[in-house]
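Look for subunit A in each of the two complexes below; its partner is subunit B in the first and subunit C in the second.
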Partner chain A sequence: MASTAVGQSVTRVDAVAKVTGQAKYTGDFIFRDMLVGKVLRSPYAHAIVKNIDASQARALPGVEGILTYKDVPRNKFPTAGHPYSLDPAHGDKADCTILTEKARFVGDAVAAVIARDELTAAEALKLIKVEYEVLEPLLTPEAAMREGAPLIHEDCPGNILSASGYDIGDIEGAFKEADYIFEDELETSIVQHCQLENHISCAYVDSDGRIVIITSTQIPHIIRRIVGQALGIPWGRIRVIKPCVGGGFGSKQDACLEPLVAAMTLAVGGRPVKLELSREECMIATRTRHAFKFKIKTGVSRDGRLIGMHIKAIANTGAYASHGHSIAMAGGSKFRILYPMQALKYEPCTVYTNLPVAGAMRGYGSPQITFAVESHLDNIASKLHIDPIEFRLKNLVKEGYVDPLNGNAVRSCGIRECIARGKELIKWDEKKARYKNQAGSRRRGLGMACFSYGSGTYPVGLEIGGARIVLNQDGSVQLQVGATEIGQGSDTVFAQMVAEVLGIPVDMVHVISTQDTDISPFDTGAYASRQTYITGMAVARAAAEVKEKILDFAWGMTDIPAHALDIKGANIVYKHSGEVVMPLAEVALHTYYDTVFAKPITSDTSNNARVNAFVFGVTFAEVEVDLKTGRIDVLEIYNVHDSGRIINHQLAAAQVHGGVGMGIGYALSEQLLFDEKTGRPLNNNLLDYKLPTIMDIPAIGVDFVETFEPTSPFGCKALGEPPIIPVAPAIRNAVFDATGVALDRLPMNPQRVFEKFKEAGLI
Partner chain B sequence: MLKKISFTVNDTPVTLEVEAGETLLEVLRNRLGYTGVKKGCGVGECGACTVLIDGTPVDSCIYLAVWAEGKKIVTIEGIARNGELSRVQKAFVEEGAIQCGFCTPGYVLTATAMVESGKKYTREEIKRELAGHLCRCTGYQNILRAVEKALNDQAQGGGSCASYR
Partner chain C sequence: MPEKYLFATSPADCLALLAANPGARLIAGGTDLVIDLKEKRRQVTALVDITRIPELKIITEANGKIILGGAATHTRVATSSLIREKLPALAAAAAAVGSPQVRNVGTLAGNVVNAQPAADTAVALVALGAVATILGAEGERQVPVADLYAGVGRSLVDAGREIITRFTVDLWGEGESSAFARLSPRRALSLPMLNVAARVQVREGICTRARICIAPVAPRPFLCEEAAASLVGREPTAETIARAASVAKEAARPRDSLLRGSGAYRKDMTVVLVARVLNEAFSRATSRKIENDVE
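For the complex of A and B:
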């Protein structure tokens, strides 16, 4: 079937609103009598709140309310943006309270102020006197796991949040069978999402006594449930509205502000309260990416086959669980499909520390483990004197492979074609030959890395998507989804899907971009790169249902059987010849106003997708390394992805650009730093935290190997998160190629690289 | 301490009393309803709050409202006229330079000032001009393309007519 809409680079449906300043974000909802909420944060990484004296703050004119842990519900609740689990054993870790009586990181929310304006609120914060009993801060997993270390959460012995892994095959037997054994240790650092819009929520109580929360979130339906749990009230008493979101990258797949802002409005009789974090707060008091330490041991045969791999990982999850109990496992599960081997043992351990809370961030554990494994593979290839690409090709997964643990099958796999394309784009062979015998202080090198990832979370998580379509009098439609547009372009691709199925132009599909839990279909939201694939199934079903109803109605009007009809170019046509029978608009008008048969056409569909689709891809990078300064410049970089059929090439390429840009920052410059003794943040602002600027990012080459994924009605698979995954190891491997120095830690900033070069005797 | 000031926003005259400590960002957003002006950091690091003051891009979050006395201010709301997008806006739409959209108004205003200047820019110069803006979605690729396109369209279109008109 020739596509009219799917596969086209259709302009974003929200482009004009965003380029003219009309797009409304949470902070743009300004109520006449809106109050301002602010949070008093702990200056200590680990401390018990002994006493809070807020009397002076309370007396300050303009202060409308002061909250401490004593004034808000003390229910423990989980914050992770996962679907609710009917099985308590599978539920998220509930270790948060709205305000805490024990500070677990510098920045933990100890008290809150509601005041008439920002200045008064800030002034009131200064007047609250808190007496702390300071405890020993546990700032590394090693310190937290030490015998006799104080407990960060009393119910969590050893400060270990989670230690579930897997064991495929007989690892010791595999090591015996292997001709060579290789071992490496690699490490990643804490980074932050730095989406341009800081976390912000506002809340009020409506005339029915329900709490309305307007919030910058990726997961409105989940937020409703979590606020209900936190406040201990029925979930239906909460209404969550998600307007435009200024980026999330996982940090808004979490209930960071909403329970507190709901408590704030309740404290002031339901008046609207805005809670907007500053950039400095946002960088420490929302979520970060887990730092990991890996120990990898791998057995390889003489001819370069991977026999067995044993990975031990320690993840630093910070002060609260957030997504910590699932990230190490998610990364370990999604990577393992890439190189099937007879034995694979994964032993992750996720540990609480007194640092900011690590949670979901683009790739959800995969960038970390992929950095480790793909760097390790290049180390092995070098020791075996095998070309790193040849080494991978010997071991890569093939179509038909089924994951032995979760049963997910590889039904489409373009990884080999991705590698071939990337190799060609960067002129691998030619440059490899050219850079063979370099001398001097500036050296060039080539590197690559592969990844595998999933489309959604099945079978670990529920993958439900909802779509509702209403046919208007003129043949255009409204599309409502519970899936959220956060900048990635999901609304646009959904519009394309509807246009494709209904045979109408994309501009006749009006996507309702705002999610409102009172109105929008149920969908768990934007995470796990799930929406185009998972929600796309619901959208396709809803559109097919509308089409069926339209053709049935046309049958009634024309006596031409529905099965002989189709819709093309917004006309009802004969399926066999394409001859126009009547305009779609004429049918649509009759569905509203026919005096006998009027019945406006709608569909309201939910799809529980009990499938998953693996995606694959590569980064190829060329770097120039300055041995004297440790500076690494990325000269060329290409990402080639198998994300199935591409629905919108322009938007897809844009996702890759963003992921690669973020990956370059992860590789070379970004790291949240903390005082080693106190745990105080040192660079929680956009100047000292080295986010890549336009000067730091080279031209990014993008290509797609378009396989067709049979489980998607459009052949598509995940794309949102994956582009970041292989970037850091590809750059690292390029530096290894250029210098022979096997860097083992992110970020590879000049200071760290310089020290490594010194150690290696290069300087 | 309140001070009475007058300025224009998108050619509309405004007179109001502001606190000495109020920023132009706060006045534009909270009091005048120009919510297209975005706050990303509040300290002049990200460029999301950029407006044009007498034609020059300025971070409105670190510009006191009292300084705006007598100035001509243009916000993102003043760029398209009568529903017609400017060439910079069109270039952003066509090149897919928009994702979450939070940084977009700032970029459009800086690019508008560049187009207005009538100068010719190399790619490196464009990057330098845009380096005061941060974006986390795009890897800067399509933004750079869009600004280059707007500048080229300007060069080909000739003249230095006010592009936001």
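For the complex of A and C:
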């Protein structure tokens, strides 16, 4: 396909609106008589609410409503942003209520206030008296799994949310066959998304008695269903509107605020209520990334082939399930395609604790398991005295491989080219030689790590995308999608796809950026790096339908058969010669106003994509380690991705920049900390939580190996989440190269690294 | 919340405005005060702004002294060629504070009066032996910065009735220099896990004077006199520096903190940072790199 729009770095369709401040986010929706909601949060990690006395708060002038668990529907509902499952056995875990009578973490929502303004609401919170019966807080998976530990959820024995894994081949046989066995233990920490826009929703009841929720979400159609479940009302009585969103990274692939804000407006006779979290609330009372502990045992042949691997994982999901039941499994499924081996056994166990709720976050389990496996592989390579790249090359997947469990096939695979390109960019061989015999307290090293990931969730999840196109009188079009733009650039790539198929410039495609469940096509939303690939299929189909209708209409006007026509540069042309027949605008005008044949052209499609495409990539990092302080500086870092054909290089590079920065924070400095006795958060603010600043991030090198994925009409695959996945292990492996010390825990902050150096006798 | 925001035109005017408004407090950069007000840690009726008083912002050399106005911002201190040349520890400390936005408005006196033990410029001022000139209703008094601390977050300067007009640092003359270093979990917007400033003088190859300040290892910037004394009368060699560093480690009493690092780690880091800072200060003072076998 000759590209006029796809593959071009066109400017974001929302760039001007965003930089000029015209773009409307949820906080920009201001209604007359709008009230403010605030949440009273538990100061205890584990406690039963014995009594709530809100009489003083209720008496405060300006307070319009006080809610406790007694005042709201008590339906248990799931919050995870997954498509609804018709099979109840595969549904999400319903363990939440709108307000709780049992606090399960410090920050759990115990009561809520609705008042005329922020100050009154804040004052009212202070006047609510809650009597708690404090229970033992279970702050680690070990404590929660201990025999006789109190139950966090009464219906969940052992506090174990889920423990389903998989088994490929005969692992014991594989270990017998292997020449060497290697074992490692690795662990990751709890981090938070820290997206720019905090969680915010507002809701009111419209003149038809329906609840309208304007919300900063990645998943408007799913939110409609979850609010319906929470309130116990028909889903059609709820309308969800998603305006511009300032980032989510998975924390908004979850119903954190919407059921409560809906209950709030109902409590005040349908008046508009705004519920906006502070950063401090966002960091503990929305979602976090699961901390994992891994035990890995691997059998390897003398010549460096992976024979079998046994991974045990414990994931800390915090107080409620959210996505916890599926994240350990998702991570364990997406990494395994990279190094096919004859036996692989995965035993994850996801455990409730009295900590904030862990949910979806960029990479959905993959950054954790990739840190463990890629670190483990470098440990093995070192013990076998094999170059870590050579070791990987002996074991990498090839095109044509089919996953034995889910049937997904590798139809495009550029991982070898990614590695070759990364090696070249960082000058691997030259620097390896140069750093061979270092002395002194500052040592340099090189490391790399690979990853594999999917494009969407098939076959685990439904992968449905919808698109609708209307041809205007001037030949331009409106595009509506159910997929959500949350800053990643999806609206722009969809516009490029439509322009490509229809043969018109990108600025003739007007993307309706707001999703409204009353109006927008059905699509499950922004997660799993799915939209460019999955929704792209629906967009391509809708555009192809419009094109077919245009050419048919032109046939009627010109007597030239549709199959001999094409559209190029917004003109109807002869397909064989490119000679212009007439402007597209002339056809479009006739579709509206021809007194006999007028029939304005639209298309409305839905695509159930029963397919998945594997993506691959690599991080190469160079570090300098200060042996005396444990400080690690990343000097150079390169990510090279095989995400199929790149639709927009500028947007793709921006995704990689963001992911690598996030990965550096994950590797070196970020960690949510809690008091070890009480579970109170210690650093739920951006001063004490060490998100890296621009001073901490070196220039980031980005490159793409552009394969063509045959299951996508444009050859594209996923890119949104992947850039973060291999960053931490690449940095860890570079430190290993520099010092010989095998770090096993994130984040690799100076104190922890220093202690490991001491333990290893390096200092 | 304060009901009035007043601008003082001179130090005397500032005192008059404070006296005329009971419960008033002076404000310079406000980078700490505004947060305290917002979080209701402090009750103030009026704020008296001193940032429009030119004499409080001077940075100059006179009669063998460096004089810095109390309201000199960190950015101006960090970028002043005079300070970078004569008091490099202070320039480096000022450059390490917060972020560009904080440095553009935050002031030296504010960093001292806020009385946090590890405030970067306060640590440097203590190492440099800076003396604060404080103007109050009873007139002017001069107190070494090291003696202005009553405890963590508590200053002996009352910003409700007094003003630090300037800091004075006596130049030691030939063979002197200084250095500053900090260890922090990120490169900006980060309180230090540990910071160290040192000032030394070398005459005819022998260290004649030394001051070393370490934080946060005590409730105030900790002037480690034992470590400094171990240097005086000796040739600045790697061994002398290592000895001073280990004396400093013994004297330091850092606390355990999940956020800022364990006491044990910060004790170990005291050795490293003191050695590095002394190495840098002596190298500058003698224009000769000190070979350090451990580095």
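Keep this in mind: the second predicted complex is superposed on the first by the 763 of 763 C-alpha atoms of A that agree within 3 Å, B and C clash if a C-alpha of one lies under 4 Å from a C-alpha of the other, contacts with A are read in each partner's own complex, and residues count from 1 in each chain.
By definition in this document, a contact is a pair of C-beta atoms (placed from the backbone, for glycine too) under 8 Å apart; a residue touches a chain by one contact, two chains touch by 3 or more.
It should be emphasised that the depicted structure is a prediction, and the values quoted were computed from it without experimental measurement.
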**Asked** Fit or clash for subunit B plus subunit C once both are placed on subunit A?
**Response** fit
**Asked** In the superposed arrangement, which partner chain does A:Met695 touch: subunit B (first), subunit C (second), both, or neither?
**Response** both
**Request:** Have a look at where A:Thr629 lands relative to subunit B and subunit C in the superposition and call it first, second, both or neither.
**Result:** second
**Request:** Considering only touches as defined above, state whether A:Gln531 meets subunit B (first), subunit C (second), both or neither.
**Result:** neither
**Request:** Look at A:His193 in the shared chain and tell me whether it touches subunit B only, subunit C only, both, or neither; answer first, second, both or neither.
**Result:** first
**Message:** So in the superposed three-chain picture, is A:Ser669 touching just subunit B, just subunit C, both, or none of them (first/second/both/neither)?
**Reply:** second
**Message:** Which partner chains sit in contact with A:Gln229 here, subunit B, subunit C, both or neither? Use first/second/both/neither.
**Reply:** neither
**Request:** Go through the superposed model and pick first if A:Asn159 touches only subunit B, second if only subunit C, both, or neither.
**Result:** neither
**Prompt:** Touching A:Asn683 in the superposition: subunit B (first), subunit C (second), both, neither?
**Reply:** second
**Request:** In the overlaid three-chain picture, find the nearest pair of C-alpha atoms across subunit B and subunit C and give that distance in Å.
**Result:** 5
**Request:** Across the two complexes, find the residues of subunit A that touch subunit B and also touch subunit C.
**Result:** 686-687, 693-695
**Complete:** Listed in rising order, subunit C residues that touch subunit A in their complex are 99, 183, 185-191, 193, 258-259, 261-262, 265, 268-269, 272, 294-295
**Message:** So in the complex, the part of subunit A that touches subunit B is made up of which residues?
**Reply:** 9, 11-12, 14-25, 27-28, 30, 119, 193-198, 244-247, 249, 278-279, 486-489, 650-651, 653-654, 657-662, 664, 685-687, 691, 693-695, 697, 699-700
**Item:** Interface residues, subunit B side, partner subunit A - complex
**Value:** 21, 29-30, 33-43, 45-46, 48, 75-77, 79-80, 85, 89, 92-94, 96, 98-105, 108, 127-128, 130-131, 133-144
**Asked** For the complex, which residues does subunit A have touching subunit C?
**Response** 440-441, 628-629, 631, 669, 673, 675-676, 682-683, 686-688, 690, 692-696, 749-751, 754-755
